[in-house]
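Quick heads-up: structures coming right below.
Consider the two complexes below, in which chain A is the common component and chain B and chain C are the respective partners.
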Partner chain A sequence: MSADAVLRLSDVTRVHGTGPHQVHALRGISFTAYAGELVAVMGPSGSGKSTLLTIAGGLDQPTSGSVAVEGTDLTTLSLDARARMRRTSIGYVFQGFNLIPALTAAENVALPRELDGVSARQARAEARKALEEVGIAELADRFPDDMSGGQQQRVAIARAVVGDRRLVLADEPTGALDTETGEEILRLLRARCDAGAAGVLVTHEARHAAWADRVVFLRDGVVVDETGADPVDVLTDHAVR
Partner chain B sequence: MSRSTGRTASTRGGWRIALRLARREAMRRKGQTLLMLVLICLPVVAVGAASIVWRTQDVSSVEGLDRRMGAADAYVETSGFGEVVQAFDPSENYGVIGEDDVFGGPDTLGTADLDAVLDVIGADRPAVPLRTSSLSYRTDEGLGNLETLTSDLASSLTDGLLTKVRGTYPPGPGEVVVNQALADRGPGIGDTLTVVRQTGEGEQQIDLRIVGIAERTTTRGYPMAAGLPGAFGADGPDEMGQWLIGGGPVSWDEVQALNAVGVLASSRAVLTDLPPASELSPELPVMDSGIDEVTLTVLALVAAMVLLEVVLLAGPAFAVRAKAQAHSLALVAAAGGTPRQARRTVLASGVVIGVVGGVLGVALAVAVGTVAVPVAQRFDSTRFGPFEVPWPLLALVAAFGFLSAVLAAVVPAFSSSRQDVVAVLAGRRGEGKASVRSPILGLVLLGVGIAGAVAGAGAGGDGGGSAAILIAGSAIVSVLGMILLVPMAVGLVARMAGRLPLALRFAARDAARHRTRTVPAVAAVGATVAGVVTLGIALASQEAANEDRYVPMLPAGYGSVTLGDSDQTTVMAILDRNLPEGRSVTVRGALTSTDDGELEMEFRDGEDVLSLSYWSALSTPYVVVSEVPDYLEIIGGDRAELDATLAAGGMVLLDDENQDDLGAIPDVGRLAVDVRRWDPEGGEPELVGTTEVDAAVAKVEGTSPAVAFLSPEVVEQLGMEVGDVGAIIPGPISSEAQQDIDEALAALGTSPYFYVERGYQTDPAVRIIQAVLALLGGILMLGGTLTATFLALSDARPDLATMAAVGARPRTRRGVAASYALVVGGVGALLGAPVGLIPGFAISRPLTRHWETGATSLDVPWLLIAVVVIGLPLLTAGVVAVCARGRLPLTARID
Partner chain C sequence: MSVKHALLALLEQQPMYGYQLRTEFEQRTGTTWPLNVGQVYTTLTRLERDGLASAQGEDTEGHVIYRITDAGREEVATWFTTPVARTQPPRDELAIKLALAVTVPGVDVGTVIQQQRSATMAALQDYTRLKRQAGTTGLEPAELAWSLVLDSLVFAAEAEIRWLDHCEARLRRAAVEGARQGSPAQTAQTTQPGAPVERSPR
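And now, the complex of A and B:
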C-alpha cells in the first residue's frame, strides 16, 4: 500500500443550527485515506456518515478542523477553488445515481471535464474512455431515462473517475441496485482504488465492507471503532510514512 | 334518476376535495402562488383601472346638466332652420325637416327672437342669453386664443356655469372674469384684457378690466374669459340665439313644440327622466350607434388575443404546479383514482387562482383607478364627471381573469391525467413523447391562417374594415397553429443541441423534456413577436404610403408667402427681419380678384379645353415672368427654349405627375387662352378676354406650383392686371425663423400664409406608437421568458446540485439561467416572426390601398424585427444572467 495520503480530516467538527437547536453532526473526527485504499464508513442513520462525505468533498465546510485533499486544505479555499477541486481531484458517486436526465451518458461523464474548460471533443473522448473502463462504451449516446439502474450507476462511476481524479467518494452507491449489480459496482470501485485512487465508501451493509481495506464505524458523530490493516493510524492519525 | 343524483353529488364532492387540495397547495407554495396571481391579476388591474378612468372621464347628459345650463330648467338654441326634430339631448342628434330646409332662411329664428321662443313655452318664463365663442387676445408675444362666455352672470339661472376662485364676481359692464390658465399667460386681476375680434369691417379691439378669477365647470387649462352679454362685441342679427330658460320644468311636449319652430332644447326635466324611445320622431336621422359590428369584432379579436397571451404567460406556472403535484397524483392513481379526478385536482388550482386573482384584481383596479383619475385629469382639458366604478364591466374583467386562469390550467390538467404513473413513481422527471397529431393540426391551422390572410389582402373595394377583420382573425388562427408547432420546434432545437456549449445544451434538452412548462412560455413569446411584427409592418407600410403620396409644393427647403390682403411692405419687412436680407423673391402674378368677380383662365387647343392640374404654392396659378425663375425645378424640357418662348411673349404650361390622369398637354406650339369672369351672384361666367400665343411645356416633379408661367405680354393681351401676390424664399429656413415669422404674420390680422417645404415629416405619433410597440413587446417577452426561466431553474434544482457536486463553478447557474432565457426567447421569436410577417404583409394592402389607383405600399421595419427577434432574446438572457443567483444548491441530494 502506498503511504500517500489523498484525504486527511483533522479534528473535524460540524455543528448545524445554533442555541437549543444545535445538532453536532461530527465531533472531532480525524481520518485519513491513502492512495490505493478503499475505506468503508459504516454506522446507523444519523451517525454523521453523509456529513463526513459532504465535508470531504468540499460541498460543506466544517465548523472547526481541517480537510486536506492531496495536500490542499479545503477549508481555506474559496467556493470557486473548491469547485475546481471537485472537477479535478474529487469524484462523487451517489445512491440515486444523480445523472442529469437532459444529458447523454457520455455528456454526463464529460461534465466535470467540460466544466473545467477542456474542449468538448477532448472531454467526450475522455468520457468514452471512462465508459469503456466501466464496460458500457456502447451506451455512450443514451439518455439516463433509457438505461437500467446498474448502467446508470456505472455512468456515475465513470463520471467520478474521469480526468484521473484520485479521491472517489461513494454514498451508498448500491442502495438502489439489486445484489448482483451492486457487487458489480463495488468491483469497479475496488478496481479503481487498486489503480491508485483513494476511495471512501459510505454503506450500511456489512457485506460491502468486505471489499474495503479498512472499515470505520461512526456513531453520533465520533469514530467508535475500526477494523483493518492499520487501526492505530486511523484513530490517532500518527503518520505511517 | 337516483343514479344521476348520486353522480352529481359525487362530482360535487370530488370538486370539494380538489378545491381544498388546490387551496392548501396554494398556501404551501406561496412564492409560486404569488407569481400566478400576478400574471392573472395584472391584466385585470390594467383593464379595470382603465375602465374606471374612462367611465369617470365620460360625462353623461345628466352628469353634465349643471355645467351646460347652470341652474336653468332648459337650454335652448335656434338652429337656423324652420323646423327640426331632435333626440332627447339635441347635442347627440337632430335633423331638419319640413320644406324650408335652407339654413338661415327668411323665417328662421335668430338671436333677436327670444319672444318668439317664449311664446311657445310660456311668455312669463325668465330667460338669459348664453353665448360662447372663440376669439383672440393680446399677449406679450402677440396673439393668443381664448374661449369667451357671455351671459347675465348675476342671474341665478347661470349658477353652476362658473365657479369663482377669487376677486369680484359677477363682473359688471366693461369688466370680465378670466380663468387661471389665462391669468398664467399674462394679465391678472386689475389688468386690462384686450380681446381681438375679426369682423366684416376689419379688426375690432375691445379692452376689458379683469376683476376676478373664475373657472368654467366644463373645461380647464384653456384660456377663458366671461362677461356680460355684448362684453366681447355685439352679435350680428343673423347669429343663432342661445338662452337659459327658467320658470319650471320644460316638458318633452314643449321641447317638441320648440322643435316645430326650429329651436333645439335641452331640458333638465326630459334628460333626468327620459321619455320612452317611442316618443322620438321617426324622422330623426339614423345615427351610427357608435359601436358597430366592425368595432365589436375588433374588440372581440383584441380580447381573444389578450386572453391567449395571458393564458400562455400564466401557463408555465400552472404546469410547474401540476408537476409538483405529479407524485401525489400518481399515488392517487395507484390507489385507484381516475384520470378525471387527477384532471380536476389540477383544474382546481386554476379555479382557486382565478377566483382570488379576479377578486383581488378588481379590488386593486379600484385602488389604481382612484389614483389614476386625478393624474388623467391633469392631461385632459375637459373636466371629468363624478368618480364612477363601472361594476358590470369590472365583473366582466374579473370573469376574464378567472377564465384565463382556468384555461391556463387546462393543458397541465390533461397531461397530468395522462401521466405515466410508473415513471412518476420511479422518479423519472421527463415527460413522454410529444403528440404527432398536434403539429399536423398546427400546420393545417397555419395554412388556414395564411389562406385567410391572402384572401383578406386580396379583398378590396368594400372598404378596409372587413378585410382587416378577416386578416386579424386569420392571424389569431395562425398563432394557434404556431402554438401547436412549438413542441416540435423545441424538440428539434434539443436534437440539434449536441454541439452547443454545456449550459445551452442542457437548457435546450431540459426545455424539450418539460414541454408543458416550456411550450406556453415559448408560445407567449411567439405570439408577442408575431403581434409586434404584424403591427410593425402595418404601421411602417401606412407610413410609407403616406410618404409615397406626399407631394412637395416647393423645392425642398423653400418657403413661400401668400400676401392675400396684407400689406406687401410690412410682410417683406417681417421676412427681412427674420431671414438674411434680400433672400426673398417677389412673385408677380395676373390678379384674379376684381371688384366685379373672380377671373379664371382657360387654355384651348382649338376647341379642346385643356385640363391642367396645379396647387398654388406660389400665391397665384398664373405667375408672370420674363424668364423661367430659378426656383422652378424642371425635369423635362430645355430651360433655354422655355426662356425663349417667354421672351417672345409666349407662355410655359407646367406638366406634373397628376397630369397623367387629366390627359397629356398637346405639344402644338400655339394655344388659345380665354379669361372668364365669374358672376358673384351666380349665373354663367362671362368671357372678358382671349388671345392665342406660343406655348411650351415644362415637366416638373410632384405637383406643379402653378398652372402657367405667362410673359407680361400675354397678360396684357388678355386685359388683366399684374401685381405682387407673394414671395418665394430659397432655403434653408430654420424652424425657429419659421415660427417667428408665423407669429409676426399672425399679429397682422390679415393672416398672410407662410409655407415652408420640409418634405414628408413622419407624424411623431407614429414614432411613439413604434416605441410603445417595441416596449410592450419587450415587457411581454421579458415577462414570459423570466417566468419560464425561473420556474425552470427551480425545477432543475436537482440537476444543478449534481453539477455542483461534480465541480460546477457558482456562475454555471447563471449560464444555465441565461441559456433557458435564450432558448425560450429565441425559439419563440424565430417562430413568431414569420407567423407575424404574413398577416403584416396582408394587412398592409387594405391599409395602404390608394382609393383611386389601387396602388399599395409595403415597408417591413427590419430594424424593429431585428430588435425583437435578436436583440430582445439576447437582452433577456443578459438580464437573467445578471438577476439569477449564482450560488448553486450544494447538498440538496447527498443526504
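And now, the complex of A and C:
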C-alpha cells in the first residue's frame, strides 16, 4: 500500500532579496501531509510558517526544492496550470476570511467551481452542499457583511473544500474569532480531515495546534521538532480506502 | 484541593454514602484528581466531627448515608463565594527547573525548553482528543462540568507553552545583547536555538 501523500515538500528553501539584504525564510524544509491527517505548523513571527503555507498552496514559488500536490510538482507547472491546481486541488482559508462582499455566501463558494468551467447550476448545487456540510445551509443567500465572523469563516471553509479538494491550507483561521467560535472552526477543519482531506494549519496558538494529529515546530525556517502520532500510524487508519 | 468542600457541596444535592460521593465527584471531574474511597470516608468522619454533616443510618445494603447539616450548608455557601487564595503560588517544578537551567553552567536551555514544549503539546493534544469525544451540544450538567474541567487543563497547558515560547524569545534576545555588549558575566547566552547556554568567563 503506497502512502497517500497529498502534499509533499522536499528540501524547500525560500530566499527573499539578494546580497546583504538576503533573508532565508525557509532553509531546506521537508514536510508531508497525508490524506486523513491534520498537521499544525507552529512558530513565532518570522519563523517561516506563513511562507511554508503560501508555497504549499502555489501562491509563491520556492527558491529551490519541490512541492508536490497529489503527486504533481507545482514548481514545474506553467502559471496557468498552477492556477488550475489551486482551483481544483487546493483550498485556502485565511485569517481575514477574504470573501467577496458583492457576492452571496453561495456565490462565493460556487465561484472557484465556475472559474473551473463547471456549469453555473452544478456549481450552485455543489456550493449548497458545501454550506450544508459546514452547518450554514440557511445562510446561502446572505451577503458576507450580514454575517458574523464565525459564519463568514464557515463560508470560507466551504469555499476551500467545494469540489472535493483534498488539500486544505489554513493560515491562522481562528485569529479573528473568540475562543468558542474558533473552536467550532477547528472542529470543522478536523471533520474535513477525518473525512479524507489533508489539512495544514498554521497557527501560533498551542490550543489550536492541539487539534492536529501532528505538530511541527518551526524556528528560523527550520523544523526543530515534531510531536504527535507517528504519521505511519495515521496511515494505517486511512490507507485502506 | 479541598476534598472537604467538594464532598459537602455534593451532599447539598442529596444525602449519599461514601462510594456514591466518589462516583458523583468523578462524573464531574473525570479522573483528573482521583479520590480513593478511604480518603472519602476519612473526610466524612471529619465532617461529622465538625458538625458539618451527620450519619443518617444505613440503606438496605448497609451503606452509611450522610446528610449535610445547616452549618455544612453555610460552609458550602462561604466556599462558593470566596475566591480561591493565590497568596502562595503552588510550587512549579518547571519554573524552578528553568530558573536553575539558565544559571547552572553547561545546561542546554534551548533543549530543555523544546523538550518540555513537545511534552506539554502532547498532553494538550490528549486533552483536545478527549474534548472532541465529549462533543459540545446537549450536555448533561455533569458532562458539562467535566468538559469545563478539560478546558481548564487545556488553558493551563496552553499557558505553559506560551510561557516557554516567551522564555525562548527572551533568552535569544539576551544572547544577542550579551554578544553586542561584550558578554558581561551573568548573562545566559544562546547562539542559536538548541545551543547550550554558557556563562561567560569572569
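We adopt the following convention: the second predicted complex is superposed on the first by the 227 of 241 C-alpha atoms of A that agree within 3 Å, B and C clash if a C-alpha of one lies under 4 Å from a C-alpha of the other, contacts with A are read in each partner's own complex, and residues count from 1 in each chain.
Please note the rule applied: a contact is a pair of C-beta atoms (placed from the backbone, for glycine too) under 8 Å apart; a residue touches a chain by one contact, two chains touch by 3 or more.
Remember, predicted model here, so these are calculated numbers, not experimental data.
Legend: residue contacts after superposition of the two complexes on their common chain; A:A102 is shown touching chain B, with no touch to chain C. Touch criterion met: A:P112 reaches chain B, while chain C stays clear of it. With both structures placed on the common chain, the touch criterion links A:R84 to chain B but leaves chain C unconnected.
When the two complexes are overlaid on their common chain A, residue A:Y92 makes contact with chain B while staying clear of chain C. Between chain B and chain C, B touches the greater number of residues of chain A. Legend: residue contacts after superposition of the two complexes on their common chain; A:V67 is shown touching neither chain B nor chain C.
Of the two partner chains placed by the overlay, neither chain B nor chain C lies in contact with A:L131.
Of the two partner chains placed around the shared chain by superposition, chain B is the only one that A:R159 touches, whereas chain C remains out of contact. In the superposed model, A:L53 lies in contact with chain B only, and not with chain C. Looking at the complex, you find that chain A touches chain C at residues 44, 183-184, 187, 190, 205-207, 209-212, 215, 217, 219-220, 224-225, 227-228. Every residue of chain C that touches chain A in the complex is listed here, in rising order: 114, 117-118, 120-122, 124-125, 127-128, 132, 136, 154-155, 157-158, 161-162, 165, 169, 192-194.
Chain A meets chain B in the complex at residues 50, 53-54, 57, 59-60, 79-80, 83-88, 90-92, 94, 96, 98-103, 107, 111-112, 114-116, 120, 145, 159, 171.
Chain B makes touch with chain A in their complex at residues 427-430, 499, 501-502, 505-506, 509-510, 513, 798-799, 801-810, 812, 887, 890-891, 893-895.
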